[in-house]
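Next up, some structures in structure tokens.
After this come two complexes, each holding subunit A, first together with subunit B and then together with subunit C.
Let's look at the complex of A and B:
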């Protein structure tokens, strides 16, 4: 295959632009794109080798292309010192030829995202607060063209100590291996493919200062488990994910706390921290992107959650969702429905009667969201949005007998109206107003700054 | 009911003796949880030599000045290791004519307790005796031998001399050396160590054989009334008992101990049956008045006493540190009506007003817990529990007695 200097320059520029996308991209689409980049990088390395040969043969014939190439390489791959940044000086020996990895991309990429929020309850302004909600540092290290390590370390609420509210946690730590052109495998601590937010939770990826309730209270984003996962991308636009992982621990349920009422699964997740693993869970997700601008998908998760612990009746946690996103023109429309259940809660709750927070049998929620790219200039984009949510963290309880069975929780109705203002590809300013239909005391105004790269 | 996982047999672990027992105790402390979830009927394990010796010491009245009082006299194994009578204070002294100043508590379910401390939030926690002054079962076991109101030995030498004449003297020598009695302090220390070992090893001190234990194991069902009582016990707006007496399975799968090992000032009425209370200037101040004086400056702790386990509470004949009440229902009713009907519990002053918390000097009455349910009420309010609800809670507490037979 022969390439002209122009085509090389274009390819290099495309590669550089692609590499500037968020390095923690996790969606199947982005994953597929990353693999294509790999293939493109391989081709580019081959072309560069050919170009070096041409230079040696034709003197200054390739000078312009070499200059362009060097500049692009510096932008796209600042980490390793690249041989082609140096002027061409005679025919390089075989040993002096840049390696493919040196030419194509850095082996290690630093990533980060974070958000700082201001929240002011409209009926209790004295409770207004600013919170460095999360700050995440991550990296990807590509061990070879088919193998990479992805890790993210998160600090929540700025300061983590015995006397402060923050916490430090590993959000992801997994190895991914490309098994073929359309198949990859992951092992380690990874995000479960559920809903649309969990795997794409950076502040630049969602509307509103705070993450939506359905994908935090029902789907416990950021939800990660330790396990193995296969990811397949088919030519027809289908991405299929599935695997085995750790699951929840119902023994962590604290009936005296309100945590379980805020997020039933958030109260019993394990996050790879000495996670009980007597039983493993199965999960799967299917997403279809066969039509440009359209995403339709769903996911399911199910796993035993008692792990044969003493005094703990057996139980199973299941969660599934359906989601869709359509982006016609300036519009960005999306919806998620998620529903979870915990089995055998009558036995689980029998010893907890009278406590404030018993284990619900079922919990669910949905939202509809519409955003419109109202204005853009240069790399500024202004997108107002509206989101309607309905969710219930305790829709049903198992019958414990008269006077002992808790009343089902009310369904909260949240309307969020706001705007996202993108500054370039990596910074977002946000503002919104949230109105709560059930507990209006929670009404609030939010401002936020987020970044992601 | 679902099938339950196998529960570790306590007996399998017993022979590992004190080290393991103390290790598991340390692991579970402060949570109000037991270290294990043993199956019932495990009291068939052979005691170690030290524990077997400890049992003989425990039951030996010859070690008291009177010759008629043993550990078992006040901690009767047939009465949940608590007094078998309804006296306000147990008789002691060389002539058994001295009355104890506080009610003798049950010494069951103490194997996971640990030394007194202030936890991360500054809450006083742990320790043995009503004021937590002993740091271990061993230290606790030694004090009654020398207390003039109890076994009343003048000193350790007299106790050791009695040990040297005991029927099990040869066993003591065999275990601790032929010359052990020559060292008074050493012999006394080994005696209390044997007593501690007995309490750690003998499953009778932590049997977990109540109906409620079987309920938690999924092998028994509570009656409707008992379930109602459990719900009222747990409910923060009703009994709120579980706030200090946790009733749920521990996060590690352990059975609950019905105490969080903390301290509270309840304002229990003065008990005229205690002879020490004949002196109107005398007040039993509890935590701030420990003999060592280490908490004397903490006047905010005056009036606070240890929260006891409620296991076997239905088998007790007197309640609270001063033995003021003799019926469980009366004790529960006091909890819920203390603030709604204080006239029922406290004497009236010259102006006809009830003197609340009369067993504390006026300066310390503000230490009494009045902020949480069921105390957070005023005269005329409805009690947190009605009379029938108190009956329900009593029915539930009945399920906490060991030796349940279906």
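Let's look at the complex of A and C:
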């Protein structure tokens, strides 16, 4: 039998007791001493036998009982009469026992989220559309108490084939390793910590049928890169993330399409699909949650994006944001400001002049959002909300000379008014109206069903 | 290639810790909550005893005693956060109000802030008459909504159950 700290401690305690006996005995003869030692030896053997029996009662039950004996009561474990009897030195450390999680939890957890949306442009009802926007299947597999794999596979627009609009993509596939109570490392395809939505993008986590514009047009969504990342959780409520990853590829800019005008970075992201990696990017985020209900944070990302491609001038993509969320009582108030830039666009655009969509030098946007938990009963929660957004996907173009420099885009102003109706914690029904200040042809009414678990 | 070797080197250099996200044992939690207690008597409670919520499990109450006096109660419970289990302890005063909440184990990637005193202090003094709901008298932690909700729901159930047990005299 392998000697565990428990058995060692019990033996030590008993031997210690035996050795201290003479001091308490008034006039111990050698014979009495020998008898006592014999009795103690017998008791020790009995304790060892009991320990062996405990272990033999099957790995799980035995360990649970041992844990319980040490005072770490679990719901399933039989309880000893008092919990404070076991001396601390005699406790088996958790490192030696299988953890409770290893005993009781499945190592693999299946996850899913999805959304089905109905969108009706108010000025063009003939374009009303129903879309199974996203269906995501994911899993988290715990390889040991400190190492896990997280993966999400996404189907967008229901059907993916040569004739259909859908696409299939890996949204996340990374390994996370806990390096300590406050430090973890990730490697693989992970979500970049930017804004508030990117890492928490399930439909139950945000207001409105569609994701907000600032965190789709300015900060791409769902934005992921391949790289390594360190995550520190400090005791003052700060979470600090930082790392090295793949970045954007300005060579992917399609000046003939309007995609770049909708989301400049969404048009040149690489998503780990044979991503050019001659240049890497650095990123970091700081979030503070030291006061309940409050989140204040910011993020920054910067990386060269030309990857030494022939005839492609060097360029750098940078993006930063500041965000805050405050939820006192029934209120949920939040705001994000994000700003991105691409360097050396004059040289990049020189060969693209004449095309409809040139590369902007700067793009930015912000929103203010307020929601109120108006009514709740049992599993149902009804929260109306209002969101005001201002964003510009081409705030500035680099000077290409008179007549050639494109005019900066107008700033779009979107007002969204709607409700989220939560059914339990995993299902949400949504309805909202969106009014566009600049291009009113985009005004629309949306209905949505979402889930997440 | 350099990318994948980098974290491997980091992992190798990291100091080994006994159990990364284990913060407190039940003994440490109960001592923290009732430093004056001389002993803790364990009382097993059947699934239906004092139950106010369908699906309640058998529960174990640790009664803090000093001499013949009861100082209060400690219940250790587990809930699932988003993916992983959270082990926490609720300490209650003799009158059934919440004395302290301690997070003993937390394994989720996000939401470690629930173990910070500022979040846990929100529960102090709550009684069976309090709402004890996220979005009412307990503030959420952004990005860890499910962990907050599930721990809060757990505390609410424990408060209600201890109150019922106390009134029925089963905690002596």
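In this text, the second predicted complex is superposed on the first by the 350 of 453 C-alpha atoms of A that agree within 3 Å, B and C clash if a C-alpha of one lies under 4 Å from a C-alpha of the other, contacts with A are read in each partner's own complex, and residues count from 1 in each chain.
We adopt the following convention: a residue touches a chain if its C-beta (ideal position, glycine included) is under 8 Å from a C-beta of that chain, and two chains touch if they have at least 3 such contacts.
This one's a predicted model, so the numbers in the text were calculated from it and none came from an experiment.
Q: Classify the contacts of A:237 with the two partner chains as first (subunit B alone), second (subunit C alone), both, or neither.
A: Touch status of A:237: second partner only.
Q: Contacts for A:256 in the overlay, against subunit B (first) and subunit C (second): which applies, first, second, both or neither?
A: It touches subunit B, and subunit C stays clear.
Q: Looking at A:412 after the superposition, I want to know if it touches subunit B, subunit C, both of them or none. Which is it: first, second, both, neither?
A: A:412 contacts neither subunit B nor subunit C.
Q: Output check: A:140 vs subunit B and subunit C. Expected answer is one of first, second, both, neither. What do you get?
A: second
Q: Using the superposition described at the top, determine whether subunit B or subunit C touches more residues of subunit A.
A: Looking at subunit A, the partner in contact with more of its residues is C.
Q: Which holds for A:404: it touches subunit B only (first), subunit C only (second), both, or neither?
A: After superposing on A, A:404 lies in contact with subunit B but is clear of subunit C.
Q: Which partner does A:308 contact after superposing on A: first (subunit B), second (subunit C), both, neither?
A: first
Q: What is the contact status of A:354 with respect to subunit B (first) and subunit C (second): first, second, both, or neither?
A: In the superposition, A:354 contacts subunit B only.
Q: Between subunit B and subunit C, whom does A:202 touch in the aligned arrangement: first, second, both, or neither?
A: neither
Q: Shared contact residues on subunit A, subunit B side and subunit C side combined as an intersection?
A: The answer is that subunit A has no such residue.
Q: Quick one: in the complex, what on subunit A touches subunit B?
A: 162, 251-252, 255-256, 306, 308-314, 344, 347, 350-356, 401, 403-404
Q: So in the complex, which bits of subunit B are touching subunit A?
A: 1-5, 7-8, 37, 120, 215-218, 224, 227-228, 230-236, 238, 242, 247-249, 251, 253-255
Q: Which subunit C residues qualify as touching subunit A in the complex?
A: For subunit C paired with subunit A, touching residues are 3-4, 6-7, 10-11, 14-15, 17-23, 25-27, 30, 39-42, 44, 57-60, 62, 76-78, 83-85, 87, 105, 107, 109-110, 112-113, 116, 118-119, 122, 135-143, 145-146, 149.
Q: Please give the residue numbers of subunit A that touch subunit C in the complex, ascending.
A: That would be residues 71-73, 75, 79-84, 86, 88, 91, 93-95, 99-101, 104-105, 109, 111, 140, 145-146, 150, 176-187, 196, 199-200, 205, 226-228, 230-231, 233, 235, 237, 239, 244, 277, 280, 287, 289-295, 325, 327-330, 332, 373, 376, 381, 425 of subunit A.
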